[in-house]
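Working notes, structure below.
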Amino acid sequence: MKIKLVAFGIARDILKDSNISFLFTDGKTIGDLKKALTKQYPEFEKLASLRFAVGEDYQEDDFELSEENEVVIIPPVSGG
Amino acid sequence: MKIKLVAFGIARDILKDSNISFLFTDGKTIGDLKKALTKQYPEFEKLASLRFAVGEDYQEDDFELSEENEVVIIPPVSGG
Amino acid sequence: MIDIQLTAAELNSKTCEEFVASNQAGGTAIFIGTVRNQTKNKSVLKLEFEAYIPMAKKEMQKIAEQAMQKFDAIKISIHHRVGVLQIGEIPVIIAVSTPHRKAAFEACEFCIDTLKETVPIWKKEFFDDGEVWVAAHP
Amino acid sequence: MIDIQLTAAELNSKTCEEFVASNQAGGTAIFIGTVRNQTKNKSVLKLEFEAYIPMAKKEMQKIAEQAMQKFDAIKISIHHRVGVLQIGEIPVIIAVSTPHRKAAFEACEFCIDTLKETVPIWKKEFFDDGEVWVAAHP
């Protein structure tokens, strides 16, 4: 599946871009995406947390993706 | 002993004056004053608390008074 | 640093906020008391605050000093008003700055809780059918 | 009533205070975050905040709604700033009015604590010798 990824903060630094098109073949959930992404960009594993949003809401590992989804990578937040 | 009493809030309403000269003969402590005052003005007994200040500080029952002291009656406070 | 005011003039939270501002501060907590239009389901028309002024200032100072120590505060400002207050007006403002936010909340709450217990200030509520010294009776 | 703002403009606590004002309110708690001049004993030159703006606003709204329910708040105002902030500037203000004061502190603290956990905003600290995304690594 080919997914549009949007990255903020340190996730953008890791991807070296704020928008990329990401191809992964094993599975179709957020959890699968996380695995594939971490494999290709091992720096994600060093983060304190790694969450994903679709449709401006946090989504859990079992969320099923489709090619139209824009997935936003949410590294550890630090507002306030 | 004759003491100058100063009263605020409901204490002033009870004494019907903000300053009175109060004579009491049994003892010389704040505790003794409290007893004499409550005897003469039973309404003090109905208050949620009754404290006394000398020299702009709260004083306990065992504080020994002298005729020069100005004693301020502190009924339940309700600032804020 | 501590700023204590007991005044008949209108209170302004900006004054307190500016006093406690500091480059070392990570958080500032401010409590603003306001006169409610009711108490125990009875309509309040207005309030009147009176104070034993020199002692009230001294007790407010003591509270601020305790809070400075207890919560490692940077600056504390406590302003209290006396006189007649209408609904919506502000009887009290407490502002505390601390390096970290948790302590700011704790210190601010400590100050208002202690103020209500120890500072010789008395509040009278005025109703349609009379008036009452607040908290006087159990 | 809820007021959420995520803006590049300077924040003003008066705006939040005025929004939450109410005749039913007995207390208002305000939290003001400020940029400290140091973190872990290292001098901070400035901060930069970036946000995933639509989701950040949505999450801020959720927090306010939860706090309204949980603490029976009357009004809540949450303002957060984005962009470059200098030492002493204000990244966040939270104001909550409630009938009684205890709930105002609790609701205000709940909002800032939750905001720091869930709202997609990222802070970068700039030092003499580099820059770092705050809290990114354990």
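Annotations for the structure displayed:
For clarity, chains are labelled A, B, C and D in written order, and residue numbers in each chain start from 1.
What we mean here is this: contacts are C-beta pairs under 8 Å (C-beta built on N, C-alpha and C of every residue); 3 or more make two chains touch, one makes a residue touch a chain.
What you see is a predicted model; the values in this text were computed from it and never measured.
Counting only chains that touch, the fewest steps needed to get from chain B to chain C is 1.
Comparing the CA-atom centres of all chains against that of chain C, the greatest distance is found for A.
If each chain is reduced to the centroid of its CA atoms, chain A and chain C end up 48 Å from each other.
Work out the mean CA point of chain A and of chain D, and you get 26 Å between them. One inter-chain figure worth recording: chain A and chain B are separated by 72 Å, centre to centre, where each centre is the mean of the chain's CA atoms. Of all residues in chain C, those touching 2 or more other chains are 33, 112, listed in ascending order. Applying the touch criterion to all chain pairs gives A-D, B-C, C-D. Of all residues in chain D, only 33, 49-52, 54-56, 58, 80, 91-92, 112, 115-124, 133-138 touch chain A in the complex they form.
Taken together, the chain D residues at the contact with chain C in this complex read 13-14, 17, 21-34, 36-38, 87-88, 97, 99, 101-102, 104-105, 108-109, 112. Per the touch definition, chain B reaches chain C in the complex via residues 6, 8-10, 13, 46-48, 53, 56-58, 72, 74-80.
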